[in-house]
Amino acid sequence: MPDHWSGFSYLVTNLARFIRPDEVTFSGVNSTPPMLACLLAKRAYDFDFVYLNVAGGVQPAPSTIPISSSDPVLSEGSTAIFANEDFYDLCTRGGMDLCFLGAAQVDGRGRTNVSVIGDWHNPKVRLPGGGGGAVMLPTAQRAVTWRTEHSTRTLVETLDFVTAAGGLAGVVTPVAVFVKREERLALQSWHPDASLDEVRQRTGFDFVATGAATTPRPSVDEVAALQALDPDGQFERDAHIALR
Amino acid sequence: MPPPKITTLAEMAARVPDGASLALGGSFLHRGPFAFVRELIRQRKTDLEIIKQSPGYDLDILCRAGCVAKARAGIVAMEGNFGLAPWYRRAVERKQIVLEEHACMTLTAGLRAAAFGVPFQPVGGVHGSDLPSLNAWAAVKDPYGSGQEVWVIPAIQPDIAVIHVNDANELGDARVYGTYNWDRIMSRAAKQVFIVAETLAPVRSFTDRPELTLIPSFMVQAVAVVPHGAWPGSCWPLYEVDYPAVEAYMDMDRELSLHMAHAPERQERVDA
Amino acid sequence: MPPPKITTLAEMAARVPDGASLALGGSFLHRGPFAFVRELIRQRKTDLEIIKQSPGYDLDILCRAGCVAKARAGIVAMEGNFGLAPWYRRAVERKQIVLEEHACMTLTAGLRAAAFGVPFQPVGGVHGSDLPSLNAWAAVKDPYGSGQEVWVIPAIQPDIAVIHVNDANELGDARVYGTYNWDRIMSRAAKQVFIVAETLAPVRSFTDRPELTLIPSFMVQAVAVVPHGAWPGSCWPLYEVDYPAVEAYMDMDRELSLHMAHAPERQERVDA
Amino acid sequence: MPDHWSGFSYLVTNLARFIRPDEVTFSGVNSTPPMLACLLAKRAYDFDFVYLNVAGGVQPAPSTIPISSSDPVLSEGSTAIFANEDFYDLCTRGGMDLCFLGAAQVDGRGRTNVSVIGDWHNPKVRLPGGGGGAVMLPTAQRAVTWRTEHSTRTLVETLDFVTAAGGLAGVVTPVAVFVKREERLALQSWHPDASLDEVRQRTGFDFVATGAATTPRPSVDEVAALQALDPDGQFERDAHIALR
């Protein structure tokens, strides 16, 4: 796998790399890549962190990896049920260190749109809507999102609608990792098979790339963990992620 | 003695007037009152207002059947690998329903206001979002001088909360295994609570461990026992999502009646 | 790996700095962290702020020992047939402590504001009471035009919530049988949570029924296992109030040391 | 017992008589008489009502009658635990039909003081304090209190401090029952061994007594129920209630 780093593996692995020791980390609904990232981090890294999820799980040990990232199996092995009001309140009072949140469009200030393509009142595409973002993005210590498509449609200069503001701490796509720097998204690294030029061309907003380099390839432990989570490649196939 | 609370799904749905606001329990494909929702369709309810932080199949099929006038929701999707909720999406894009778009927690704040008996509820975050201006939400400055401004959400009081649970008893008490999602606050905010239960459990099992009861009997107006009633969704730990059934549902060219005919509560009816 | 959370009562109390604000769990003579409170006295803590909707013995004995600077409370009494809390009463009447008098639910509203991460929390009722002017509480008019005015309470964030529970495990999860009183919101509002448990239960018993867990491990900083630690109060269903011991405590002419010497955690120490 | 109706029995029985069929009725902390009244009503009356209490009980069947009215035994036999936040929220949102609340002083408008005798800042007697009243009295459909002493010290023209306003629906003493009428307390009935004159003399506030009469003596069922709750008279002795 290190020889050909798939977009799927790149996405999941780099989401996992945002997870830090001992922190409280949350993955939500409609969020298969961060769910896998949390489970990967539990297997691949030699530190512990508090994994909470939208299924009420607190440090769960699910017996199977579900298709739905809100499946109650994700609370299996948990010592407590931490239900929805509980984890939202934890976040708004400042106790959520890292929160993975979905987005359809992301702008250069790390704001997100999950509401609509086109005008809200005359939608071209009605998207899922507000979800966790508007409350969690500004109140989590760090919020990270992902896009399975890296394009000027998804990483935009101007959002069609600002669902959530507050500034993402990170964005991962199949070819790049952005982090927050001075209230803007800055490029941290790019896929070894891509280039800074390519990332610039495929990104709708301007960004700083000072110090950016190719992303370190997945470690043996990261590869093994993802392999264990997706032994027959079903998640990878379902994700339909292409580098280009 | 109060009247017995155990009733049929059909009778329970019949108590829902056209135009009622319904809070639906569960989340996405999990532990939703889906048999109840299908019964609303069979009874051709109209102008319903659906209140749920994370609806999916339930709101979608109700939109498909033309039962919905308004949705107040946080995030609407089929989830799993199914993406957007197609009939909901179409209903919004064609302006067949009115959408009040929330963050999950702003909707919850509105339910909290109703549950707490106050006209509005402050909620953390939301700053910088376009949602407040969309919904004409107000910000209130902290009267205690912190300088903070906080968004406040007006009370949201559903007419009926409909909750699918694992166990209920004949008195009306209900409990859930695994996460109860948003059902606790829904049950406290709504004027009435209807329970759809997988199992009618002995009262004794509740008195043995009353801490597990999510919704106490006196708050519950009706209970229908519908095994497998969350189909095609899951009800932990009894059954998982029926993915092939959801996939078949997602075929927009396939008749809704074919899907409805496969529903377990339909089967049960034929048996009964 | 995080450091082990199981510690001794003495070490746990030693982590409380003078001047700390402590939310104490339970209610009146029931399931209070009384062994912990006595250990604070043994360690001669001073200037504590005690936060509890319905304190009794705990606040009284802390006043008696001179540990308290301020109390934020709803109703203070010994309860049962014991009436007022004598040493607390004396401390207030002699102005040895500052009292912030609440209704139980206004104190809870302050805790809710802290737990919800908002600067203030609306609360129902209170209209016509002298409490708002006493505490300089503000009323906010409903910005949504109902004409209602609602009292809002500023956030109350205790430094530490100390909760006496039935069972804890080595990870820090805690559960309670019977009512949890106000402990849930206290545990969510405080910066840290200390658990005093009757029993160290297997982790497996928590994973078997995670719905019973009141406070999840990651919110808990320390656990001390102190059987009978709610003495002279009750801990349902393990033991009832020791009424003779409370009656002896109420004798204001009797040395406090005699009462302290009878405490079960004292006995345990001698054994250890 | 009907021949000599004790103040204790008068108090408990007349509190019980405020309870109505199918209503949600609550008894709180520091409230032995209403606790006994709820348990008496369950035994003596041929209707059901929803009995909630401060110990989290919902329709409990306690195996013993506790000295403390917040004793967890009061949740024994309950099918649910309805904890403190739950019953307060129920009350503030309008779902509590009848709520029993304690008071030290009551005025003619049915307001209560449980805070202080004397000036709040220079107390003669520091009382228990706010408790449930300030929130529950104005929000319960009906709130009822009791006093074990009927005197101008307890039923006053002017409260030393207004802990709770909103207007009590009823007040029971060892010799009289008051109910709310046009925003004031009006005398409903008096103890057969007392008189209207006596009640007037011993009451600090003016009241209307139109239609008032002697209180109906306890029924056989009421007597039997109280006897069953307090077979050896311990509660009656502990209550120290004298008619005069």
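Going in written order, the chains are labelled A, B, C and D, and every chain counts its residues from 1.
Definition applied: a residue touches a chain if its C-beta (ideal position, glycine included) is under 8 Å from a C-beta of that chain, and two chains touch if they have at least 3 such contacts.
For clarity, every value in this text was computed on a predicted model and none was experimentally measured.
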{"item": "Graph separation of chain A and chain D (steps between touching chains)", "value": "2"}
{"item": "Chain at maximum distance from chain D, centres defined as averaged CA atoms", "value": "A"}
{"item": "Contact-richer chain pair [A-C vs C-D]", "value": "C-D"}
{"item": "Inter-centroid spacing, chain C versus chain A (mean Cα positions, whole Å)", "value": "40"}
{"item": "Chain A and chain B, separation of their C-alpha mean positions in angstrom", "value": "27"}
{"item": "Inter-chain centre distance, chain B versus chain C - centres from mean C-alpha coordinates, in Å", "value": "36"}
{"item": "Multi-chain contact residues (two or more partners), chain D", "value": "56, 75, 81, 91-93, 139"}
{"item": "For chain B, residues that touch 2 or more chains besides their own", "value": "116-118, 123-124, 178, 211"}
{"item": "Arrangement of touching chains [line / ring / star / complete / other]", "value": "other"}
{"item": "Pairs of chains, among all present, that meet the touch criterion", "value": "A-B, A-C, B-C, B-D, C-D"}
{"item": "Interface residues, chain D side, partner chain C - complex", "value": "29-30, 32, 54-56, 67-73, 75, 81, 83-85, 88, 91-93, 111, 114-115, 120, 123-139, 161-166, 238"}
{"item": "Sites on chain B touched by chain C in the complex", "value": "113, 116-124, 138, 140, 142-144, 146, 148, 150, 152, 154, 175-178, 209, 211-212"}
{"item": "Residues of chain B touching chain A in the complex", "value": "27-31, 53-54, 73-77, 79-81, 84, 88-89, 92-93, 99, 101-106, 108, 123-131, 134, 178-182, 184-185, 234, 236-237, 240-241, 243"}
{"item": "Residue numbers on chain A that touch chain C, as the complex places them", "value": "22, 24, 48, 50, 52, 56, 58-59, 75, 77-82, 86, 89-95, 139"}
{"item": "Chain B - residues contacting chain D, complex", "value": "1-2, 114-118, 169, 171, 173, 188, 203, 206-207, 210-211, 213, 215-219"}
